[in-house]
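Structures incoming, each one as structure tokens.
Common to both upcoming complexes is chain A, partnered first by chain B, then by chain C.
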Partner chain A sequence: MKFAFHVSPNLQSKHSTQMIMRDLTIGLLIVFAASVIYYFAAWGPAYGMQAIILLLCSLVTTFVCEAVFAKVKKQDIKSVITHSFGWVTSIILVMMCPISITPYAVIVATFFAIAIGRLVFGGFGYNIFNPAAVGRAVIFASFSGVTTNLVTSATPTGVLASTFSWMPGTEAALQSFLDYCGGWGGLLLGTYPGAIGETFSLLILLVGAFLIVRNVIDWRIPTFYLGTIFVITFVIAILEGIEPYHGIPGWLWYPALHLLTGGVIFGGVFMLTDPVTAPTVPSGRIFFAMCAAALTVLIRLKGNLPEGCLYSILIMNTFTPMIESALDLPQLAQMKKAWIMIACAGVLSLCVSFYAATTVKRVNAPRNLEKTALVMPSAVEEVL
Partner chain B sequence: MSLLLGPMCQHIPGKKGLTDHSDVKRLMPKKEVYIPLFAGNNSQIDLLVSEGDHVKIGTRLANTKSAFPVPLYSSVSGTVKGITKRPHNSLKPQQHLVIEVDEQQEVQQAFLPMDWHKANREEMLEFVKESGIIGQGGAGFPTYVKYQKVENINTLVINAVECEPYITADYKCVMDYPEQFVHGVRILQKLAEVDTVLIGVKKTHPDLINVIRQEIEREHAAGIEVREVPDVYPMGGERTLIRQLLHREYNRLPGECGVIVNNANTAILIANAFELGQAQAKKYVTFSGEGLKYPTNVLVPIGMAVNEIIEQIGGYIEKEETLKLIAGGPMMGKTMVSDLIVIDRAMNAVTVLKNHDEEAMTCMRCGSCTQHCPIGLQPVRIANAVKMNDAAEMEKRGAMQCIECGLCTYVCPSHIQVTENVRKAKRTLMMKAKKK
Partner chain C sequence: MNRMQNFKNGLIKDNPVFGLYLGLCSTLAITTSLNNAIGMGVAVIAVLILSNVIISAIRKIVPDDIRIPVYIVIIATLVKIIQMLIQAYAPALNSSLGVFIPLIVVNCIILGRAEAFASKNGIFDSALDGLGMGLGYLLAVLAMSFIRQLLATGALSMTNPFDESQVLFHLQLIPEDFTISMFSAPLGAFMTFAFLAAALSSYKQHIQRKEDEAAKAAKIAAAQAAKAAKEAA
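Here is the complex of A and B:
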């Protein structure tokens, strides 16, 4: 005559972590598929196959790492693998790599992402850094010269960083860059060589909208990340007096150039939104995204690196615990504090604008970038 | 959706269709009722009847000695059989007065009716105190206490939202007694000395909205207005309802922002007390959930045992071990291990659900609980403080403000019992406060 005991409430929604991860995986695979199709069509079957091989290598490494981890901790292998969602990390990592990278570099990077980036912290839910970003940083630091004999031309992001210092200042300079990467349409559609999945700006934005509607990612992070980048570069364009391009004023095309290159859309939609490494409170997320945007632009213009986005994510991950403990009160009681923090992030962003605008010289002369003439291994010039 | 805050509420499938179309079943116990001699913790009961006495519906049975005394009245006519200890929905066994039910069911006036058009506020307040009416929203707080100081009150809110899934008792009750309901609202309006009364009803119950509007019009009641509210949980929570209707926030009690909130059912009780001299004897209770063969609303005397009611309405679908019996709705009600509990004065539902649980996973810090908490707390952060056993942080993070609405557990995609973690924090803080 005993009923089951349960703590209230006795009702739970059907929404689950598995559903969230399923939607995220679908979103990532859509972008990946677009990439594979692009490489098959534009560069040939060897390139298309390369993308698939890299993904398979990464996935296998992930599963092996997790299986070993489960074995060591004497847990059920299947449940560890299905509950840690390592494949999401794998897909993101591969999509951040250039097509010319060797599989073994991807394997080592995946090992670092999964084992060092995630498992040593205790597995899914406990990691401090975005694991995929950790893996990508390892490639940057250690495998810059390791490439296959598959060669592409220099990636536009690399060119923008190395040749134009992220600041083509005149119509002619921009035109020479745009000719190189297929014009604005090419930048928007992503039909130019770069990291495997990062270039498809428009598609990633559509997938991001789908993920926001499905409650997979918080709309605040991509909106404020991309919005702040726009504002910072907008101010820079005005301060630098960047010239109009065929009637488009400089304060419009220059921010657009920043948003469409270097994977900021990819980072803002898929990586900065990783809930494990972002703050949990909405106000903290806005602050987090704005600071990441300021760092991205700072690293781009002052560090002259193509991958400002990646490092800004890793740096902001370290601040997540601090942001959370700063915004710990009941939310209605800390509205004022949250607004002050956001205002500070805004001021910081403007400081970046002024600093970059006063110290970086714009490049005015057009450069002769012959698409076919460049057969430099892309991973090398990515760090130029 | 606000920029810095999440939605602070969530639509939950109401499952109201299980019970809101069928007629209310009027049930009587075959043999006995058990009146709980319990009015909150630390209450002493001063019994006015003894074994063998004959009582009628409305006979005063006991007084309580506590901070806010409330008299108890008999819900049936019959013979007092003594006192017994039974399971109670406060989770601890309590003393119950056993009354053997007779055939006649004689009624006596519990007290003299009062003409509320003529009486002054002080007389009316004393009358409500004597009537023993307690809030029907679930917490069971004596109604008169809210009206003791009304200088700063400018709005009365009548809560007919019924946001808990499965429950339709308030809806049924107001649909059956719209006239008494509006009278009760007008009495409360006079007690609160306010011009504005807002009645909150879910927009998914347009029939109820129409019935109340017609009744208000018929009575030419000034200042009383029905407001539609969205079908989200916890819209029936005082804080969320006041936020929705008046855009006001308060710290501890609604009185701080000039508002009194009362349940719709309470208004009907008030009207019956003033106009007929009746104390609360019978109650609308929703018996619903997938664990019952025939979910329905019942009208039963207070003190009728839940097992007897369930037997009379057709029983459970399967054996008890695989079911959860909840005193109240599925969100805020507590599971009872025994169905020997009785219907108490503030209980408006019994929900029986199948006992299957989703497997809990690691928290991925999605912040869903933070975005949905109607108080604006950060349950995930409070749970972290519990993990660290850091009482200072639990307090700083506002654990004591939690109303235990259960929404954080409901929305958690990792199926973690978030509410229970916050409850642990509350228990830790209460223990600490006691030690001091």
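Here is the complex of A and C:
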């Protein structure tokens, strides 16, 4: 008679880690391929090739790091590489970088993401922080000024942060911003200089929905993350009295602006849902996502930084073990405690909106924004 | 022999910074360039040797109850002297080290060695211990500033601390486009420190394991020898 030994719970699941990671990889590659096609079609071959070169650099660095580490620890190199899923980290990392970044910056960031974000903690499954977010933070700390000559203009989030302090209050101000990044359609399709993965917000949502159906990612995290951002910015728009834009009331377009810029959709779908760094308790995940949303808006409006999403993910990752231990209770007690925690997160989010709305001044005057790099043909000629 | 061992312990095995985790505040803050590191290291060595010698000399007349205030007064006096000397003869070093020179007073290495070693040992031993520990500190800050300066600016450079216009050497090893500016920030300091401390810890473990194995082998050999002797008898 043969006994099967499993770690409890002993319910057999069809979802092995390999399958989950395979689906996630396919989803990421679809979004990445769409971005590459977009860059090839709209900006020219130099841009498309740049995206592919960045991905290759990142992948090679990942494999080299893991191979060296396995060699030092005297493990089987092949099994370490296939069981640590480093390529998922590299793909996410490259998709968070702007196309203008140098391959060297990507290599260094990947090294930090894999070797320091993951391997020194004990490898896949033991990392505290989302490794891709660690890599992106390294780029922010070290290479924010270093770019190639491919794209030279500021990203929409950078413009929003620096000239509008995330609060364009009137129709004219919004119009000048939308002219800069190609209107609402441009924001939705990502036809603006930004991270590679931000390109198709719509496609990311579709892939996310597909991954949710395949049970690869938890629907709670993206839903509550994006939902909370919507609610917070909705309250802010009402409190600030943001003016309507061509008939669209301010409380509708202002949240939409927050959701469509700065990779919150990408972060909510692919990064907050990382099974290693997010809590395992479903109710804890809701709390986790709501707090991350409150932090995102707070960092955007009060810190006046373009990358609220990234830092909120890193900060909330540190709280994951605390959320886990707080909810490590019998079922009924856990539900009760979870409700209290989620209510607290809701109150916190409202506090954030009141605080931001009362202290941030809205910008009413339209700004004259230079559209240098968006004149695509000349930019491409310069490169070639 | 024992003295030599004491001296060597301070350098590597009980390195004050990476082995005992003492005096981290100044270590993390000033290790942005080799100049700072050497200036700070030399100041700490001077204070450490002098304070160890003085405290060792008066160890029998200081009442046990008030020894800490006495030590602090001695250390603070020495630090003030060193600070005034640096201000007078190396003003550039003084401005780049800033508040961290007076803060040597509260550097745990100095009070720690006074308490743990100088108050129990003779003058010569204490001076030697101070030199060993001070050199250990200098080695640690040099290692950290070597890594941080190289990665953050791509160059290794040193100027004469008494005359800043006189450049001793300047080697641009990494082109400026390829530097990682993060390492000049506190983030880089913590990371460098963590990796060096981890490296020392793994080296110590390695030595410990080797010693354990040798002891085990010796024990087995002794047991076998005893058995053989018994059988022969």
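The rule is simple: the second predicted complex is superposed on the first by the 356 of 384 C-alpha atoms of A that agree within 3 Å, B and C clash if a C-alpha of one lies under 4 Å from a C-alpha of the other, contacts with A are read in each partner's own complex, and residues count from 1 in each chain.
Rule of thumb we're sticking to: a contact is a pair of C-beta atoms (placed from the backbone, for glycine too) under 8 Å apart; a residue touches a chain by one contact, two chains touch by 3 or more.
Predicted model, so just to flag it, every value in this text is computed and none were measured.
Peer 1: Is A:123 touching anything from chain B or chain C once the two structures are fitted on A? First, second, both or neither.
Peer 2: first
Peer 1: Output check: A:283 vs chain B and chain C. Expected answer is one of first, second, both, neither. What do you get?
Peer 2: first
Peer 1: Which partner chains sit in contact with A:141 here, chain B, chain C, both or neither? Use first/second/both/neither.
Peer 2: second
Peer 1: Thinking of the overlay built on chain A, is A:218 touched by chain B (first), by chain C (second), by both, or by neither?
Peer 2: After superposition on chain A, A:218 lies in contact with chain B alone.
Peer 1: Is A:335 contacted by the first partner chain B, the second partner chain C, both or neither?
Peer 2: First partner only, chain B.
Peer 1: On the A-aligned overlay, A:108 touches which partner chain: chain B = first, chain C = second, or both, or neither?
Peer 2: second
Peer 1: Could you figure out whether chain B or chain C reaches more residues of chain A?
Peer 2: It is B that touches the greater number of chain A residues.
Peer 1: Where on chain A does chain C make contact in their complex?
Peer 2: Result: residues 102, 104, 108, 116, 138, 141-143, 146 of chain A touch chain C.
Peer 1: Spell out the part of chain A that touches chain B in their complex, as residue ranges.
Peer 2: Contact set of chain A toward chain B: 1-13, 15-17, 19-20, 83, 123-126, 218, 220, 275-276, 278-283, 285-286, 324, 328-333, 335, 338-339.
Peer 1: Can you list the residues on chain C that touch chain A in the complex?
Peer 2: Counting only chain C, the residues touching chain A are 177-178, 180-182, 185, 187, 191.
Peer 1: If you look only at chain B, which of its residues touch chain A in the complex?
Peer 2: Counting only chain B, the residues touching chain A are 3-6, 10, 12, 165, 249, 320-326, 330-339, 351, 353, 355, 357-358, 361-367, 370-371, 373, 375-378, 380-381, 393, 396-398, 401, 404-407, 409-415, 417, 419-420, 423.
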